[in-house]
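Presented sequentially are two complexes of chain A, the first with chain B as partner and the second with chain C.
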Partner chain A sequence: MSDNSGEGKLAVTSSPEGLSAAGDGARKASSPARRAGRTGWGQRLEIALLAGPAMVMFITFVMLPVLLAAYYGFFKWKGFGPPTNFVGLQNYLTIFKDSTFHDALMHNAVIVVLSLLLQGPAAVLLALLLNQKMRGRSVVRVLIFVPYVVSEVIVGTGWSLMLQTNGAINDLLIKAGLPSWTVDWLSDPKIAIWSLMLIITWKYIGFAVILFLAGLQGIPQELFEAAAIDGASYWQTQRRITLPLLGPTIRIWAFLSMIGSLQLFDLVYIIWGQYVAATAGTSTMATYMVVNGRNAANYGFGNAVAVVLFVISLILALTYQRFVLNRDTEGALTEGKK
Partner chain B sequence: MATITAPPLSPSTTRKRPSLGRASWVTYVVAFALVGVCIGPVIYIIIGGFRTNSEITKDPSGFPSTWQVVNYSEVLQSSIFWRQVSNSVICGVFTTIGVVVLGVAASFVLARYNFWGRNAMYALFAAGLMFPMTVAITPLYILIRGLGLTDNLAGIILPQIAFALPTTIIILVPFLRAIPKELEEAAAIDGASRLGFFFRMVIPLSVPGVVTVGILAFIASWNSYMLPLFILNNEGSYTLPLGVQAFAAQYSVDTARVLAFTSLSMIPALVFFSLFERRIIGGLSGAVKG
Partner chain C sequence: MNRKKILVATAALSIGALALTACSSGGSSTGDSSSAAAGGNVSMTFWHNSTTGEGKAYWESTVADFEAANPGVKITIQAIQNEDMDGKLQTALNSGDAPDIFMARGGGKLSDVVTAGQAQEVVVDDATKAAVGDAAFSAFTVDGKVYGMPMSILPGGIYYSKDLFAKAGITGTPATIADLEADVQKLKDAGIAPIALGAKDAWPAAHWYYFFALRACSQETLDKATADKKFDDACWTKAGDDLAAFSKTNPFNDGFLTTSAQQGAGSSAGLLANHQAAMELMGAWDPGVIASLTPDTKPLADLGWFPFPAIDGGKGEAGAMMGGLDGFSCSKAAPAECSKFLNFAMQKKYQEGYANAFHTLPASKDAQSVVTEGALVDVLASYNKAPYVSLWLDTLYGQNVGNALNAGVVNLLAGQADSASIVKSVVDAAAKE
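Up next, the complex of A and B:
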């Protein structure tokens, strides 16, 4: 932003009139100097006053805890008093040797991949379909967004009631003449992860669809007209024009979805609780962290798990940004501007 | 996150739609099915609250034979429910105010001041997007406990404000930058200081962006589960999400009442959403553009 140089010049030439016009002399006299490029004391004070509170809050409650997690992770510590029992990397060794952590990591990986594969194509197709002139378009948009707005606790409570062995889903299957399809949706380890995926898809697909619909609206109309003149079919147009131009939106969504899947906690903890998630095959790194850290009063260990979770997320995010997202700054975006 | 940009100042530009194909009956069928799948479970929860427990046990997916209002009226008469509602309201309102006030002030500095370290400051906030609360939750709990704020709503509000700041700033900075320079120059000519410009021009002009950010902060606070789970141990200080879970655990055999409690606790979020639905969806459309 080079707004200061130009504006500075203008302020210097124009401020005498401003000075004589308004009464508040002392404050205005300092303003040309303040605006002429270098940061003056008055401006520093303004910066500190305006940005200071946000910085303090952010550093105290976001940055500091993350750094503290890295520090506490080296201790065997019950969470009371200053951490004393330094154990070095032992917590980390325990984590990497623990097969329940391997399971949790595996579940996270499955959730990341399945979320991308199930939600992505479905949401793109739905967005393409809904991006048409139809009656009640805005009503549809609002209603498919409802699951996203309802809290995880309500989603978890409602779905676990519906999915329990004698719940509504199995009852509907029996009524539909498919009694052999009834299963233990929540407790069978082969099935529970799919039930979780069902709930995740239900909750978050509206968000993806709305995002893609927004992306579709950003595509310049001339492209479709040109394609129509060139005699492209509907599907050709979608494949050659819509999908590539929707690319940036899809890649952003995929990024948010991956990070969200790695951090998944609420739904699993609410539906399966702290004891059942591991045996049902739905535990995640975050539930592992809470169960073996906080609930076991083993805070040093919990912090080490947090660090592992953070490092995995960070590596994934940076790799993704490096190899996928930065294409958007050159390829897709400039293409869109043509 | 590079392509996140602010919604443009004039709303008319986002409303332009590409020429769309006319919807066939397939579209209507798919749309109808999708809507059914999305709101079906929500309706199931609401209707379930009107049934009796024996009905739910015998016929879990049926309609109520007689509509029981008693489950709902009992929840509405319980003081616990209302205390949890008011706790959630307090958390949501103060979080929103904090996010808006701190976010606008910091975004203004980042958007309109030229100073050493500005890029570093922006990068710091942007990096906050990479620090989800899950990672920080254990030390955060210890920190809040050290401040003596466990079982205190302030212990929820302060971290929520801090964690909402990165998104807020990333949405608001381009928004504040988009305010034409001429306005600031005109204000300077008229003798307004930077702060005067901020209070008289920037705040009124940034209202649409601020509303979007505020709604996001409020809904996030309203639905927040993990932070209250760590910070609040005393039932008197529970917010609604914790309350729903505690109620479901305590009355696990009384399914109808659990469903009624759950339904009632989602009403505020749904009302809030339907009031501001245009701004939420519009904000998303503006915030994430290809």
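Up next, the complex of A and C:
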């Protein structure tokens, strides 16, 4: 997606027409031939058959559960047998009045904002650094990316062991002669959220860096050469050329990061467990859902929480799409209608 | 020709996808209760929570013996980690794909399962009935019918390291909370973490509240709350106040809020097993858990036990205990061999094996002589004298209220709430039920 939009921008700014014209030409050359040999019905059949399996899977495992969750959310339901105790919107009212849900929502908001503020700039800097020719570049790239590949369960278990009051990090501080620096990393509400942000950043920054590196590859070398000839400094080049052309990639990454932060569950649940997340100030809407839905065997209520989480994510996604991603995806989405 | 092949393949794929989804939603008719009469092959699935060591081996050999004694019966064992059990079981029961034999602890949780028509009555033979006695069966009885077979009785109390007590200059065991607080101070002075607590799992923290409630509330109050779940008696707040006052003395290990209960050397049981902490409030499964976490995975030699201390001004009878039972139930669709297997495992030989493998107390009185570990002998003596034994409150009051109690107690211990908030969180929970 980022490559596409980079190409679009490129055509506007520096017009190396050969590239995009060649692409268009290839497309045009093949499509009339394909269209000529087939009736509309054949084409529709083919679409149905090729897209069919995916659609069946999508409807069964994505759409249906969402609709069922919305349905179950109207019941008080212990999870055994079909739900019978219809209570209308009462579950939703309970959610909106519950102060522990407000806390969880606030923690989600903090995580969304801090993720963008901490990971974004750091990842851009790292990507710029790693985009240069230097010794050991691929080793560093791998090291930064590895945490992203490791399962959240392992990451959570490992960090929680290290951050416990009698864990490796406090032990290290004591051995380094800084015993007054030791703190309760996980259960002190003033510190726990920062511990969580540290782990999230460590885990997910590799993904951002890889995305940005890919985005950087899409910026044509000629622009940098031209800038060099014009006598632009390193920082001028980055600010005027790299960052604007990396924009589409950054905006897509920010989108993924926000959705991921809203749905954060595994790390918190593994490190803080079922109940301590709430007192440590790291609970999220997803952990709230599991604790008050599944663990309390109030499945109707849990489904209502799932719907609230879904709607909040959807609103954020659509708003972002409409106001931020709009310009990047304009070409990609409207091209087919031409 | 080529295209035709592709079309056929695609069609096959989409039909396959349809079949797959049909399977996943239509699996509710598995299980066959008529197989016993037919005399043919019977197969059952069996879920328990001993994923390692002697307990796992015990079930494997017991099942093998049963299969040998009952040709044509095949039992497939699945061991599931304890903390995962509730959720997995609920999902399985609900999807109609329930295990035939599954672990259950009686009380409100089992009652929910029975009310939903997901469990069947267990046919208890006379020998088992006599060996176990009514008290243990009462936890598994719903509307006068027995829905589970108790395997072990698990009364709670405080396990402690005799060596660490001696090191801190403590002689004897505390009889009152004031004594306990004095001992906590002595242990701290000696540089020993007094009490290990796995509050990350919440239920071990909640046990502290339950025991204060057991001492503060009369038996009638506990029973009344089972029915109306109002928790309006003043003793519920008193229990919270007593716990808050006790926790102000900082009796628990550093970082207890993020300490888990039973997993690994850093857990509360692990701290006891490695002499990193002196005490832990737990049920009678604790010696087994501790044994699996000692450096040589042998039972802790200096492990002792004393009952939860008395408090001032409580309405609970002295000597009353709180505890649980580990037992097994048969799901609705299980074959008749399920009851047969449970009675089989209640024979003296297997109950003795159970007590040995799990380092715990067998439900069958015939097998109690096998208990020789010091701490367990003391538990058993107290249990046999107790005027009454209440179920753990989370088991007694069902999952929803239990969950709220757990959360309320964690808030209290984290210093973010007072005793009234425990009662309030129970009332809030009722709104979600």
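Here is the rule we go by: the second predicted complex is superposed on the first by the 277 of 338 C-alpha atoms of A that agree within 3 Å, B and C clash if a C-alpha of one lies under 4 Å from a C-alpha of the other, contacts with A are read in each partner's own complex, and residues count from 1 in each chain.
Heads up, the rule we're going with is that a residue touches a chain if its C-beta (ideal position, glycine included) is under 8 Å from a C-beta of that chain, and two chains touch if they have at least 3 such contacts.
Please read these numbers as outputs of a predicted model, since none were measured by experiment.
Of the two partner chains placed around the shared chain by superposition, chain C is the only one that A:275 touches, whereas chain B remains out of contact. In the superposition on chain A, A:79 contacts both chain B and chain C. Of the two partner chains, neither chain B nor chain C is touched by A:119. When the shared chain is aligned, chain B comes close enough to touch A:69, but chain C does not. In the superposition on chain A, A:161 makes contact with both chain B and chain C. Of the two partner chains placed by the overlay, neither chain B nor chain C lies in contact with A:195. Once chain A of one complex is fitted onto chain A of the other, the partner contacts of A:246 are limited to chain B, with no touch recorded for chain C. Contacts of A:294 after superposition: both chain B and chain C are touched.
Contacts of A:303 after superposition on the shared chain: chain B is touched, whereas chain C is not. Shared interface residues of chain A, touching chain B in one complex and chain C in the other, are 46, 49-50, 53, 57, 60, 79, 161, 166-167, 294.
Chain C meets chain A in the complex at residues 7, 10-11, 13-14, 16-18, 21, 86-87, 90, 93-94, 112-113, 115-118, 199-202, 254-255, 257-260, 266, 398-400, 403-404, 406-407, 410-411, 414, 416, 428-429, 431-433.
Against chain C, the residues of chain A that register as touching in their complex are 46, 49-50, 52-53, 56-57, 60, 76, 78-81, 91, 94, 98, 160-161, 164-167, 184, 186-187, 189, 271-276, 278-280, 291-292, 294-298, 301. Residues 1-4, 14, 16-23, 26-28, 30-31, 34-35, 37-39, 41-42, 44-45, 48, 57, 59-62, 98, 102-103, 105-106, 108-116, 121, 124-125, 128, 130-132, 134-143, 158-159, 161-163, 165-166, 169, 177, 181, 184-185, 188-191, 193-195, 198, 219, 222-223, 225-226, 230, 240-242, 244-245, 248, 255, 258-259, 262, 265-266, 269-270, 273-274, 277, 280-281, 284-286, 288-290 of chain B are the ones touching chain A in the complex.
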